[in-house]
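A, B and C are the chain letters, set down in written order, and residue numbers restart from 1 in every chain.
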Amino acid sequence: MSPFLDALLLSAGYNAALVTVGAALLGIAAGATGTFLFLAKRALVSDAVAHATLPGVGLAFIAMVAMGGDGRSLPGLLAGSAASAWAGLLAIEWITRRTRLKEDAAIGAVLGVFFGLGVVLLTVVQTMGAGRQAGLEEFLLGATAGMLFADGVTIAAGGALALAAAWALRRPMTLVAFDRDYAAARGYDVRRVDLAMMALVMGVTVIGLKLVGLILIVALLIVPPVAARFWTERAGGVVWIAGAIGGASGYIGAAASAAAPDLPTGPIIVLVAAGIFALSLLFAPARGVAAAGARHRRFQRRVHRRQGLLALAHGDAIREPYTLRLLTREGLIRPDGVPTAAGRAQAAKVARDERRWAVARELFRDADLAGRHAGLTPIETIFTADEIAEIDRRLGGPAPAGGA
Amino acid sequence: MGAEFVQISLTPILIGIFAAVACALPGNFLILRRQALIGDAISHVVLPGIVVAFLVTGTVAALPMLIGAAGAALLAVVLIEAVRRLGRIEPGAAMGVVFTTLFAAGVLLLERTDTASVHLDVQHALMGNLESLVWLEATGWRSLMDPAALAALPEELGRIAVVCAAMIVLTAVFWRWLTITTFDEAFARALGIPAAAVGLGLVIAAAVAAVAAFEAVGSIIVIAMFICPPAAARLMTERLDRQVLWSVAFAALSAVLGYVLAGYGPLWLGARHAVSAAGMIATVSGVILALACLYGPHRARVGAGRDAG
Amino acid sequence: MQPTLTVAAEDGRPVAPAAPPAEAALVLRGLTVSYGESAAVFSVDATFPAGAMSAIVGPNGAGKSTLLKAALGVVPRVSGEVTVFGTPLASARDRIAYVPQRASVDWDFPTRVRDVVEMGLYREAGLFGRLSGARARRVAQCLDRVGMADFADRQIGQLSGGQQQRVFLARALAQEAELYLLDEPFAGVDAATERAIVEVLAALRSEGRSIVAVHHDLATVRDYFDHVLLLNVRRVAEGPVATAFTAETLEAAYGGRLSTSHVGEILPAGGRA
């Protein structure tokens, strides 16, 4: 573990430290940016953007070689990938606006076609004399091994820039992602905010290409926001938590990759994020599966218990097997369905509370009482003792049912 | 167009056509259900599937690979549904989480194991290698009658032909169920039609098509085959049966034209080497879609359908 | 009939007959549906009589559509029983026709009016049964009955909202069911369509068929329906319109909202082309 620890503490060499910090910055920027996409329910647009970078990489290489360069200059390749990613975005928008096709079809079409075109161009590059050692395949899966100092600087600076841009645009992007009409009413130019958001997604994608690779960079935009969503109900909170998860994934993943240079960086970063996601899905207290499942079972138990007890109180037969099992288990009925003493007492209380609720709804004429407090809320938690006494006083006679 | 065509080009073209048609058929229903990106998710998880199959069996035989890939696709679908329902996450994001995670796991597994000795690399799985599926034993068109030569056909051809035929049969048999559950799922349920099973069956069929097609055209380009021909077909007609026929025609056209352009196009332009046929097939399907978007007779939304949904 | 006005829903149980009368078309007992942890429909008992037109009425978010879908088994229920003409739901599917909300489907779907109506026959025809001949004539008759005979070959995306609703009704007619469940059949339709639908439903009732409709327009409840269930998550009142649809029960269902935000619902529907 020692090399990994060194990398974590940024003491595994200057280059490795630079890349690790860059990955963390990129992760934060990606997590925050991805949140806006996720809240706007457009997470997979980023997948199309990422795949659409490939033809740009190929074209940039070919162009640079044609102009006498060596074709492998990272800024040049990134500029090319940005241009073709932008073309892909425009294609998605054009298809959804101009035709009857839905956005998912447009995303998939752009993703597949641009990637196909990119593969064609890669085969062209391979047949060029200079292309044999181009190493463009690294853009598919990302690699930190053999990364030049200049590459590290590019990634660190790009990550910082993307993060700053996400910070500057957080308000309009949250508003637009959450409620476009409201944002428009507030005077934001929704289309321009959309474009800015997409530009940011594209920026994160392009910066992450070398590090994570174009197939997996989309994970940094999607997984942290989805994981963060389990921890909070507030949009602002999701942005922060997603940024933290993305940053931690980038940092830990890049450090692990620096310690084991033969492992590809992208998959490690993604798997760290996926691990955080799995923990969030299962155990987050707000929306985690364990908590929600327990709440649902509790709700179902209360519904069946109340219905069973009411049936007992009214002398009706209980038919649903779950209700029978539940009441038997709680010792409220005997296996043959006859109520026990405890069952009779409970049934009487539930029936009395039902009558109280009926009177209460009559008294207060409140739609919320009719609806939300649907009979599972103990009446004592809503009304004071005095109010309950008043309700009980009115319960004396039969409820008046003034018809028309 | 003689012996050399039969040897070098016939089988790749046929495989391309079968793969494109097998994907386009379920693709029609996926795009109408707004599940086009299920194809995206499935195609990405093919890689981890074959890696695991290799690790378990230690061979690169076709059958374990196909089973592994199909298993991974099924696992992905189950996980996507689980994340969507249990986590209450919108489908697109749920897909994104699941397929990137599985893909990352697959790549890492692949890099951790010594697969250098066998032909199993990421690029091949992503990009396919249609050109290599040649029929060297053929000596000309007469070889189609020669049992010995036929026995030496690339086995990929037989597999994709069977899958393509299965897709055609399934589409025909379950036509009514597919239509009604796609158009109005609640009504279908009220009729007692097993809508959930139909939906799952469609996704499994798509997974099988993707798995069978990926060894020829690679896993990413499969996405274009799922979406482009049916999407272009949707812009040509207002009838589902005709849309499906159009999509089959577009898929076959993409395969033939793509292969020919990849093989001969560069030569016409004075270059010496062919380019990736699978990539070119996807590109051609994209061009067809673009043309349909520009000139398709039914490209625009009309009437009250605009505000529904 | 028993005096079934029961503002105090559960408490009224002893007044209601212990076993539903044989002529009940649809009986719900303790029906509860929840999305997440809050109840969308809570412990609803209801008895919709056969051969009558019944309305399910209540404020937005009261669970009207959810109740209908749960009764059909389209959405799962947490608890409760559904009985159709005295038999469990599963064995009564052939006797039920369903008209979902118009907005629940994508009308951009590549299909014709005739094909949509044919879907009503998919259960009886199975995967391969012929849809030509007698069944095609039935489709044509059903389209004619809702005044859409001239539109049979039209792409459904070209229809107005009212025409879409008529097509959905025609599809349900093709099912030749005994119980018709309709979800907001008058929402967003023009006045002519509303009249046409009411006529068709009244004709169904005169043939002895039963109708249960989720309805949003309080102004027309008395004109169109015989029986009403006032719903606000729980049952607020149920019975013949004359006795169960009163100022008191409405106030109990809608609370203070009736006078302000729901004014539009009491006024006659303006209609929309």
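Everything that follows uses one rule, which is that contacts are C-beta pairs under 8 Å (C-beta built on N, C-alpha and C of every residue); 3 or more make two chains touch, one makes a residue touch a chain.
Nothing here was measured: the structure is a model prediction, and the numbers come from that model.
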- Sort the other chains by how far their Cα centres are from that of subunit B and give me the top one. C
- Highest contact count belongs to chain pair A-B
- Message: Distance between subunit A and subunit C based on Cα centroids, please, to the nearest Å.
- Response: 37
- Item | Geometric centre distance via CA averages, subunit C-subunit B, whole Å | 42
- Averaging only over C-alpha atoms, locate the centres of subunit A and subunit B and give their separation in whole Å. 28
- Pull out every residue in subunit B that's touching 2 or more other chains. 88, 234, 301
- Note on the structure: Multi-chain contacts in subunit A, i.e. residues touching at least two other chains, fall at 100, 292
- Item | Multi-chain contact residues (two or more partners), subunit C | 36, 108
- Query: Considering the complex alone, what residue numbers of subunit B touch subunit C?
  - Reply: 32, 88, 173-177, 179-180, 182-184, 186-193, 234, 237-240, 243, 301-306, 308-309
- For subunit A, which residues count as touching subunit B in their complex? 38, 41-44, 46-47, 51, 94-95, 98-102, 104-105, 107-109, 111-120, 122-124, 127, 137, 140-141, 215-216, 218-219, 222-223, 225-226, 229-230, 262-264, 266-268, 270-271, 274, 277, 281, 287, 289, 292-293
- Enumerate the contact residues on subunit A facing subunit C in the complex. 100, 292, 295-296, 299-300, 303-304, 306-307, 310, 314, 316, 319-320, 322-323, 354-355, 358-359, 361-362, 365-372, 374-376, 399, 401-404
- subunit C - residues contacting subunit B, complex: 36, 69, 72-74, 93, 96, 98, 100, 102-112, 115-116, 119, 122-123, 125, 127, 155-161, 164, 171, 181
- Message: Applying the document's contact rule, which stretches of subunit C touch subunit A when the two form their complex?
- Response: 5-11, 13-14, 18, 29-30, 32, 34, 36-39, 42-43, 59, 61-62, 78-81, 108, 232-234, 236, 242-243, 246-248, 251-257
